[in-house]
Structure formats: C-alpha cells, structure tokens
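Each structure below is given as structure tokens.
Below are two complexes that have subunit A in common, paired first with subunit B and then with subunit C.
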Partner chain A sequence: MSTKSAKAELENIFNTHFEDFEKSLNGLSEKSTHEIRKSALDSLNHIGFPGNKHEEYKYTPLTRQLQKNFRFERFASTGKLKLEDLKDVPFYNENAHIVVLENGVVNTELSKVNGAQGLGIMPLKEAFKQNNEALANNFGRHLFAEKDAFAALNTAFAENGAYIHIERNTSVEKPIVLLYITTGSGELTYHPRNLIVAEENCEVNVIESFTSLNKGNAFINQSSEIVVEKNARFNYFKLQNESESTYHIDNTQVVQHRDSLFNAYTFTFDGALIRNNLNIALEEEHCEAHMYGLYLTHGKTHVDNHTVVDHKEPNSFSNEIYKGIVNDHSKGVFNGKIFVRQPAQKTNAFQSNKNILLSDNATVNTKPQLEIWADDVKCSHGCTTGQLDEESLFYLRSRGISLQKARNILLHAFASDVLEHVSISFLKEHVEYLIHKELD
Partner chain B sequence: MLKIKNLHARIEDKEILKGINLEVKPGEVHAIMGPNGSGKSTLASVLAGREDYEVTEGSVEYLGEDLLEKAPEDRARSGVFLAFQYPVEIPGVSSTNFLKTAVNQVREFRGEKPLDAVGFLQMIKEKMKLVDMDQSLLGRSLNEGFSGGEKKRNEIFQMAVLDPKLAILDETDSGLDIDALKIVADGVNKLKSPDKATIVVTHYQRLLDYIVPDFVHVLYQGKIVKSGDKNLALQLEEKGYDWIKEELKATV
Partner chain C sequence: MSKDNQILEEFTSSEYKYGFETKIDTDTAPKGLNEDIIRFISAKKNEPEWMLEWRLKAYRHWLTMEEPTWPNVTYPKVDYNDIIYYAAPKQKKQPKSLDEVDPELLDTFKRLGISLEEQKRLTGVAVDAVMDSVSVATTFKDKLADLGIVFCSFSEAVQEHPELVKKYLGSVVPYTDNFFAALNSAVFSDGSFCYIPKGVRCPMELSTYFRINTANTGQFERTLIVAEDASYVSYLEGCTAPMRDENQLHAAVVEIYAAEDAEVKYSTVQNWYPGDQEGKGGIYNFVTKRGICAGDNSKISWTQVETGSAVTWKYPSCILKGDNSIGEFYSVAVTNNYQQADTGTKMIHIGKNTKSRIVSKGVSAGRSQNSYRGQVKVLKRAENARNFSQCDSLLMGNLCGAHTFPYIDIENSSAQVEHEATTSKIGEDQIFYCNQRGIDTEDAVALIVNGYCKEVLNQLPMEFAVEAQKLLALTLEGSVG
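Up next, the complex of A and B:
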C-alpha cells in the first residue's frame, strides 16, 4: 500500500466515524457548534494527515505511526474506572479541584470539585447544551483547525473534555487538576477537548496529568483553547507520564490579552510518541508569557515539542526554556517559533533549548525559528546538545563523589531551572520524584 | 607517603611530563615552581586523576598503593586533595548539598557513619572560621558568581572539610590580593600536621612567604631540573628562571 493511499484511507476511516458520531448526537447539538465540527472535518479532508515530508512533522512521523499501530475500529468506551483505581494516580488525593476524565470523558462521580465562588467547571458536553456566551464566543474560535490536521480532527469530534470558566476578579485558591486516565484493553482512540476562559483580573493554576491504566495502544488526540483576558494570571502545567504504547498529540492554543501573564510548564516522561503543539498568541500590549519544558526520556520514547509565540502588539515579553535529557534509543525534537509582527515594537523574546544525550543511540533534533518584522526588538535564541560537562564531573569526583552520583547531581542541576519556578509543592515534589526515578 | 618515579604523561599527542621523580614524606611541604607551560598543573592534574592526560610511563605510589590505578573519587577518598587553579562553577548544585554528599561519601569509604544535618552544620561552621568564609556563600550554587578570591577560599574550605592526607594546591595564589592570600595561606597552615603533606604548585614566590616549604623543586620542560630549600624560591624570585635555563644549556 502506498503512503498516499494509506493516508487517504486514514481520512476515510475518520469520515466514516464522523457519520456515526453525527448519528449519536441525534440532532441534539447546537447548530452553531456542529457547524464548527463540520467545517473542521472539511479542513481535515482538505489538508489531509501530514505525510513523511511535511515540514512540521518531518521528525515525527505521526501519520505513519498511526497507520502502523491502529485500526481505528471503535470509539473508546468508559465506565471501567473505579474509585480504588485512583488511589495510586498522582494528585487524586491532593487538596485541589479534581476533575477525573476517563478516556477523555469527565466522570462527575469520581471528580472532586468543591464549590468556589467565581469558578465554573463542567463537562464540555454540558457546556455545549447550555451554549452560554463565553462558550459560543470562544469554542473553535482560537484553535486553527485549518492549519493542523490533528487539531481539525479533534474539533470535528469535539464533545468530551472540560469547560472551565473563571469569572473576573476571582483568585482560585486551589489548583484545578485535570486527571486524564486511559482505561480498557485493546486499542483505543479519544479526542479530549477543553475550553478554559480566564476572565479579567483572575488568577488560576491548572494542572493536566496523564495516566495509563489500559493495556494496548492508545491514541490520544487532545486540543485545548485557553483564553487569558486582561490582567489575568494563569499557570498551566502539563505532566505526561504514560504507557509505552500511548501515542499522544496535544494542540494547545493560548490567547493572551493586555497585561496578562501566562506560564506554561510541560513535563514529559514516558510514552510511545508524544507531540505537543503549544501556541501562544499575544494579542495585545504588555503581555508576559513563559514556556518551560522538561523531557526525560528513555527506551524508545519519542517526544516532540513544537511551540509558537506570536507577538502581535508592542511591549510584550516572552521567554522559553526547554530542556531535555535523552537516554537509550529515545528521541527529542524541539521546534520553537517566535513571530514578531511589524506593530510589535519593543518586544523582548528569548528562547533556549538545551539537551543532554546519555546514550550513543539517543537523538535530538532542535530548530529555533525567529521571524521578525518589527525593528526595535530584543530577541535571542540558542540551542545546545551534548554530554555532561567533563570538567564539572571531574571537580565533583575529585571531592570523593562517585561517578554515578556526580552524573546524577549534574543532571538534577541541569533540570532544576525548569522546575524551580513551580509554586505548587505537591506537583513539584512529584516531578522531582519522577526525575529521581528516571535518573537513579 | 608519595613516590613519583619517572612519570611521563601526555595530552593528545603532546608529551608534557618527561620523567618526574619526587618523594614526599609525611609532614613535609614541597613547592613546585617553574615557568608557564613547564608542566606544573599537569603534574597536579595527573595526581588527582584528570582523565584528559594519559600516563605513558612511570609510576606513582601513594601510601603503598598504586595511585594511578584509582578513579579520581577513590584518590579523594583515600586522602588526596587537589585545590583547583580554576574551580568550576556549577549552576544548580547547592554548595551545601555538594559538600554534604562529598563528606558522607568519603566517610562511607572510611567506614564511618554519615553525618546528620546537625553534625554536618556544626562541622561546617567550625571549618568556615579557618578561611574566614562568609556563610552566605554556602546558600548559593557551587562557585557560581563567586569572585576569584571566594573561589580559592572555597577550595581551602573544602580541603578543611575533607581533611586530606596529601593536599595539592594548584596555583592557589594566582589572582589573589595580598589579604586573600594571607587568609588562604593561614588556612593551609592551620591544617598542617606531622602526618600530612602538602604540595604547593606556584609560579610566584609570594605564597611561599606564608606557606614555608621544606623543599623547592623547579620544573622545566616536563622534568624537575633543580631542587633545593626555601632559598631556591627566593633566588628564583630575584633572578627569574633564565639562569636555570642557562645552567641547563651549559650542562648539555
């Protein structure tokens, strides 16, 4: 079978699924919402799944991997998850608003969302029914389904996931934790979709954490739209530690308004193939965005982080630090784009990607990409890939510290500047634990 | 304590040490002097186990054992300490954690129990006084942003903490003003004892006013070409190294 026809076959499969999906909706869905789905499916059919030479996917042959490992015969089902399954799931027992999603579907019984003034959390499906103004104004309006096949695919099947709305002037004290748990046996696919609207002057921490309790291949095709309105402060954490047969693609589109602050943290450990597209649009002046990433991989894990920060107006600041420790046969990919549009004078934009290879078979592909149309800006980027510094190793060893311990100390130090800004202690401790587990 | 016999070492294809012979006994202070590029720092590095250098000939015996066989950490654990000429800055590694790890790995090797937090802090405070070190430095990343003087002081502080039998000071005086030099030398002197030995590698005589050597050796072109007592250092200070080079030419 040629790649081209295989690609087309994959598209056909999802078109058939879409017909089934439409039937299951039973005409209940709001017309405007469904129009967005249909137009996303048209986009998917128009652009098609990325082939091997697609510029954005050339180091990450996601389409080929899906063709090879999936048959896409049925939707993922739910109802297997029990309370006792959650006892070892990280964060379930933390003091937080816990939203449990089984195969992308919110399980309201197992979720623990305490009433908080100004905070609304509900399943996306429920929000579609209510179709309030914030949903109608934002759903499908920010994620560019016409540019990325997987974002289009997600939008076409958008039904499950979380809708979170933080009213203006609200400081949400406890973090909101979205616990994605994959259950079941045999292969499965799901398309979780989130919409988070943080209104003016609000403050919120959102954590997404992914856990696999399933057996078999899983394809998680996730998308989120996050709106950060004027002067809002938003910390967004993503922890991906999944099974070795999980294929996970994430499209997150963030839109920031004047004087807002957005901090994104992406921690990636296990998985078969993980691709994160994190796009931040700085729509107005005086926005500040930080993107921190840390990936520690072993085995055959493939992690690809693509980020875009788009400076559209003057006086904004963005800073990006991604770090990778890549072991065994695993692979890290980084692509960081910074756009500074012509009106965006006085922009400060910085980017760095540093990698340490722990094995001869580990690889990293890193590519910074700056496109600057404004002339009064400060921008920098840099990337390095190498081994641990020999001189530092020798220094530690010359003080009686074993080679293994010395390597460990240096690797922890390397990872630390990504972690040091994390203010939620239970999250920080858990990530530190995972780093220890990975390195020791 | 230390017996170096006919030591040859090279880095890549360049032979730097060309047959060093030196014996150091407990309680002695040896100064190794010489012009730039003579191999002084190489000798210090080879003794500490830096892997960039390849020993091609000769032997080094330390406390009756083959020193060259040992990994750098095992040399340190058995009491060899190198004070670096250029201490490395290691961002993200806290000075305190680093020291605690080092101390306890050395203690473990010696069959001693690890120090607990209280015992460790107590010991640290005592040793800091020796080199008049500011405690705030311990809260920072290892050597990161330290001034030249602070780095050198930190080396001597680490030496005090690890309590070595053989201390090798590699150009510890370079880049120090006279006050810092006195403090560092004072620290070294306080750590001296009849069962310990010190090798001071230096380009200048200045340090030797404060750390008085029993023996002075001149290293030139990878060999020790002249040995004497502390007066040799004074002579070198006064006349430079050229007269030694001339002497050598004459004998050839």
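Up next, the complex of A and C:
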C-alpha cells in the first residue's frame, strides 16, 4: 500500500474515533478545553501524518510502521493490573511518590502518593472535571498541535494521564515517579497526557518509567506539558525500557521562565520504535537548561531523539549531551536543534552527540543543527560517530586485560558521562544495572 | 599600510565594480521555454541528433518536477517562461585567434581583470571565457593539444569529441538529479569541456570565466571535466554580472570524473552581482556540482569563495567510489545586506579507506542569512571511512543569521566521523587589540576575517587567493558599526 493512502486511512480511523470519544465525554465536551481538542483534530487533518519524505520523520518512517502493525480498533482498556504484578516493576517499592498509570490511566488504588504540603497530584480526568484553573490556563497552550501530527493526535484524545501541581516555595523532597505500565493482550493504543506546573521557587524531581506487561503490539503516543516558573528547579528523568513490540512516541514541551533551571535525562533501552521529541522554550532571561541522553540499543530497536532548544531572550544557557551505543540491526537517530532568536543576545548554547557503532548492520543518522539570528552568542555543536579508540584498547590490553573486558570498560566509561549527572541513587543504580545487562 | 589603505579606498569608492554592461549585439532566442526553444538552441549549435534527444528527455522530465523548497532561502518564484534561454554575442564567424575577437568583448574581459591577452602572456593560465551563454574565447588551446589535453567550449566538444561527451555527459549528474539540473540539461547553451588523458599532468591552471551580460537572460552553462588514470588538473572558475534591478537565474551543472590515481582540483571564486543594499536585483545562483572518484586512489578537491549572488544554493559534492579515494571541500561563504546562501557539500563514502575533509567558513553581515548544509554518508561496505568536518560561522551585526544543518548517516561500524561547528562574533578584545596597535576597526575586521578564512584561502591558486582576499574585504565593507 502506498504511503499516501496509508496516511489517509490512518486519518480516517482517528476521525471516526473522535466522534465516539466526544460522545463518551458526557457533557464535558462543552468546555473550552474541548475546543482545544477539536482544533487539534483539525490540525491533524490539516498537516496529516508524516510521510517518508517529511524532514522531521525522514529516518523514522512511523506512518508506514503504524499502518503495518495496527488497526486501531479501540483504545486500550484498564483494570487488569494487580498489586502482585508490580513487585518486579522497577521503583515501585522505592521511597517516592508513586503514581501508577495502567495503559495511560492513573490507578489511584495502586498509586502511593504520600501527602506532602504544596504538592497536588491527580488524574488529568479529575482535573478536567473540577474546572481546575491552572489546567485551563496551561492545557494545550504550550504544545503546539499544528507542529507535530502525533502531538495533535494526543491533544485531540487527551483525557487520561497525570496532572501535577507544585505550589510556590515548595521543595518536594521525595521524587515523584510516574510508572507507566502497559497491560493486556492483542494490539493496544493509548494516548497518555500529562501537565506539570512547577510554580515560583519550587524544587522537584520527576521520574517517568515505562514497563511492558502486555503481549502483542502496543502504540503509546504520549505528550507532556511542563511549565517551570520563575526561579524553579526541575529535574526530569525518563526511562524507556519496553517490550520489543512497543511503538512509543513522546512529545514533551517544556516552558521555562526567568532564572529557572531544567535538567532532562532520557535513557532509552528496549522497544520496537521509540521517538522522543523534547522541546524546551527558554521564554525569559537567565534560564538554564541541560539535556542528557543515553541510548543503548540492540536487536531491531529504532531510537530517534529530536530535541529543540529555543532561546528567545538574552543571557540564557543551554547544554546538551546525547550518547549512543548502537548494536545489532538497531538504529540510532539524533536531531538536535538550537534556535537563538534575534533578541537572545549573550546566549551560550552547546550541543554534542557521540555514537559508537558495534555492528556493521547498525545505523546512525545524526543531524546537529544550529539556527542563529543573534550575533553576540557562543554556540557550538559537535558530533562523532565511530568505534572504540584503538589506543585506549591497546593500553588496557597491554596491562593484561582481555579484549572483551577492555571493551566493556571503555563502553561503560563512555556511558557514564551521562549517568554521572543523575543525583537520585535508586535511579542511578537501576540504569547502571541496565547498562551492565545490555553490554555484558 | 599604505598599500592596504589604497586597497580599502579602492573598495570604498566602488560597491560592485563589475556592475557595467557591455554594449555588444547579441543573438537572442525569444523569451520562454518549450520544446521549440530547445530545438532552436540545439539547431543554433548545430548539434547531432542524440544531443537534442537528450535535451528533450531532460525537458520532459523537468516538466514532471517541482521546484525544491527545502533550502533555507526565500525568494519570489521564478517565472521560467520569462527568461531568455539563449543569448550569444553576435559574431560574424568563428574567430581563429584573439585578434579576431570583437575588441569590445576583449575590453569587457579586460575591465574584469582577466585580459585574455595579458593572461596569456604573463600568467600562463589557459582561459575559456563564457559570456552570457556562449564561450567566446579559449586561450592556449594549441599548447594543451600537444599534450593531448582537450580544453574547449562545450559546443565545440560536442562537434569534435562526440564520443567523449556521449560517454561522460550526465554520468555524474544525470538529468533526473534535481529540478535545476534537469532544467540545465534541457537548455544548457555552452560551457567548458576538459579532458586530461592518461598519465598527463596539466602544466597550467585551466580557467573559465563566466559573465552574464544581456538583460533577462538566464545562464545555463555546463562544465565537464574528465581526468583519466593518473592525470592531474587544477581548474578555476570565476563569475561576474552587471548590476540590474531584476533577478537573473544562473543554473549551472559541473561534472567531474576522476579515474584511477587521478586528481582534480576545482576552485571557484563566485562574485555574481549580489543585489543592492536594499536587496533589489542580483543573481539566483542555483548550481549542481558533483564529482565522482571512480577509480582507486583518486582525489577531488573543491574550493569555493562565495561572495556574490542574491541567493546561492549549491552543494559541490564528492562520490568516493574508488578505494582509498579522497574528497575535500573548502568553502568561504560571505553574505552581506540581503544576500542568502544555503551551501555546503555531500561526501558519499562507498569505497574502502575513503577519506573526506570539510572546512566551511561562513561570514554573515547586514541582514543576510548564511546556511551550511552538508551530508556525510558512509555506506555499509565503506570500511575504514574517515571524515572530519568543521563548519564555523562568524556573525557581524545583530540582524543576520547563521545556520548549520549537517546530516551524518553512518552504516559501517569502522567509520570515524567527526563534525564540529561554532558560531560566534568577532571578539571585541580582538578588535581592541588591533585598534591599540593603530589599525582602524574596518581594517581590523578585514584582518580578522582573512585570518579566519585562511585555512580555505590557502587552498586557492595564487592568482585567485589575492583576488579572493580583496573580495572578502570589499563584501564586508561597511558592515561594522
């Protein structure tokens, strides 16, 4: 089937779904938030699903893959998850605020949110019902549906997910962990949607972790909006380690205000196809943003990281380090964009992407991109793709270390660059364990 | 210092010194593009049937194509039916030597600083001068012929060496390649052809000089360079055009074929009319340049200094097919006022142990937009491929833009590919340092920019390097303040 008709067919399916979805909203479809959904669907119909020539999806032919593997007959159901299923799910027993999302829907019974002052966590559906003011002000206002078809799709069907609100001057001691668990059998589709608002002067750590307990193909189309207000400090971790038949698309839009700090960490291991769009808008002066990424892939996993940092005002700083070790038939794609708008003088922006290919069947496509309209800036980007340094290997081997061991030492060292910035010990340990598993 | 001042003065008084128009009678085709025009061009050039067929095939293919919109440039749509596709300086008959060439024409080239006669005597550079669409004079032909080197206009090559043209035309840039290559293939009117036989090292620089003269014309020349086994040639190209308010289209194709152990060095100083300070007029420079290192151990090196044109859109590329072949790309792209440039290269590694090196230096000033777009591709069987890319941008003034779009696609684990890029402005401390030593700001900027571009300028042949340095200073003049 040609891509064109495949695209049209996908769009048709979702338009029909939307009508059913509207009916299920029970009176909530009159609200202004629903207008945003409707216009998102219009955007989707307007821009359509990306074809294989689409610049942003050139190396990730998603539409074809989705068409091939999914019929999208229904959205995933819930209610199958039991407490005993969670005993092997990483982080569930850690000392943290645990939010369990089964197929994108918050399971309040299994979640363990300990009351903390200034911290509000509730299912997104609940927040819609309550006419939450912060929700109305922020939902769909930062993530632009007209820019990405999958963001538009998510917005159109936005109902479930987590809404997290951190009040001003609050320092949330324990990390907030969002555990996404895919359950059930047969093919599954769901569109989790999150909104996180961190008010002035607050400090928070949020971890998202994805686990598959299902059998069959799953398509997770996730979107998040994160607002980091003045002088807030936000650490955001994402761990993607899913089944080999999971197709995962993530759109995360971060908006930073004056003097704020945002650190994003993305760790990707298994999955069929994973696409992350991480967009950070530095709306005001003196913002600081760091993005760290690590992807270790094998088998046929396809990982695509697209990041955008948009410097809009002067004196901001951004730094990005993405590293990948790509093995077997897997594919690593990286596209980093730095925009420095004309008013954003005295911007410092750095970007680096380093890859190691372990197999001749693996592919790396990288595109570090700078677009600069201001003159008083310091920007640089660099990327390397290659293999382990012969001299370093020789050094280790000359000291009696076997080739296998020497390679491992070097690969661990390569990966640890990203990991060493992680401050939460249980997360760090778990990622270390996954790296070991992947490399040994 | 006094000499520098003189240079500066020379440039302050002249904004675009090649902006004159020569009053020469031209033979032009009617405006517009259709199969009849192509037949007309082909008939004018007295071409064999296969050539016309090839043109028509290209034209029919072009009709099915759409103008690309992906480059990071904006310009009003070109009306392809409002262009004269053929304009030749009128001459009674083919000149046998320079003495017979129209003196007005010779004068034009003299004013451009490439007096054919003078060059012949002093520098020993063989020049093929192309005015509007037609090659008007080629120097040193006989001397080159002694070595078996063919260096002539393209139409002459079609007449005299049809077997060579037939074999290599479109072998590197097929007419299906892209929109402008297809257009060029259909309507190209002339250009240069160069053939270096086996084992011959071309003793002098070969040079083509392009000039657009007539209003409303497009220039569509085609250059084909074939270097046989173990041969060497260094080729220069220069371009200018008169100042006009309307935009003119220049869509050229350059093909280079390098056989085993051959080496081709191609240098361009592009100084088409960039439009005035308000961005009115200027040349659209949409060029396809590509070389193939077909044989083992061959080498192709592109050097370009891009200072002119309102809109530039070109990517001189290397296909590294032979084992151990080498591709190089050195570029300085300077944009000022409202100029836009989207330029870079492609390095396609196919053979084993292939190496490529990219050095791109962009300078943007005024309200210009300067983009580097490049691709490094290592295919699966390209063992031990090695690439190093460096692309730096220098911004002058806060209304211009500098953009970098590198694509790196690796399919072999033994490849080593590095890319680095920086964007910055000229440091105030650097200017202050120069001021302190009595160098005024304008000179200091020229000095710093020249230093910044040195790595590329060093690659140019001597005659061009001097010219290019002056050009840089001229293009950036008045951009500090």
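Basically, the second predicted complex is superposed on the first by the 437 of 440 C-alpha atoms of A that agree within 3 Å, B and C clash if a C-alpha of one lies under 4 Å from a C-alpha of the other, contacts with A are read in each partner's own complex, and residues count from 1 in each chain.
Going forward, a contact is a pair of C-beta atoms (placed from the backbone, for glycine too) under 8 Å apart; a residue touches a chain by one contact, two chains touch by 3 or more.
Since the model is a prediction, treat every value here as computed from it, not as a measurement.
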Partner chain in contact with A:Ala116 - subunit B first, subunit C second, else both or neither: neither
First, second, both or neither for A:Val89, with subunit B first and subunit C second: neither
Contacts of A:Gln342 with subunit B and subunit C, given as first, second, both or neither: second
Greater subunit A contact set [subunit C / subunit B]: C
Which superposed partner A:Leu358 touches (first subunit B, second subunit C, both, neither): second
Of subunit A, residues touching subunit B in the complex: 389-392, 394-403, 405-406, 409-410, 412-414, 416-417
Subunit C residues touching subunit A - in the complex, by the definition given at the top: 70, 380, 393, 395-425
Touching residues (chain side subunit A, partner subunit C) in the complex: 55, 342, 345, 355, 357-387
Residues of subunit B defined as touching subunit A within the complex: 48-52, 71-73, 75-77, 81-82, 84, 87-88, 90-93, 97-98, 101-102, 105-106, 109, 141, 158, 162
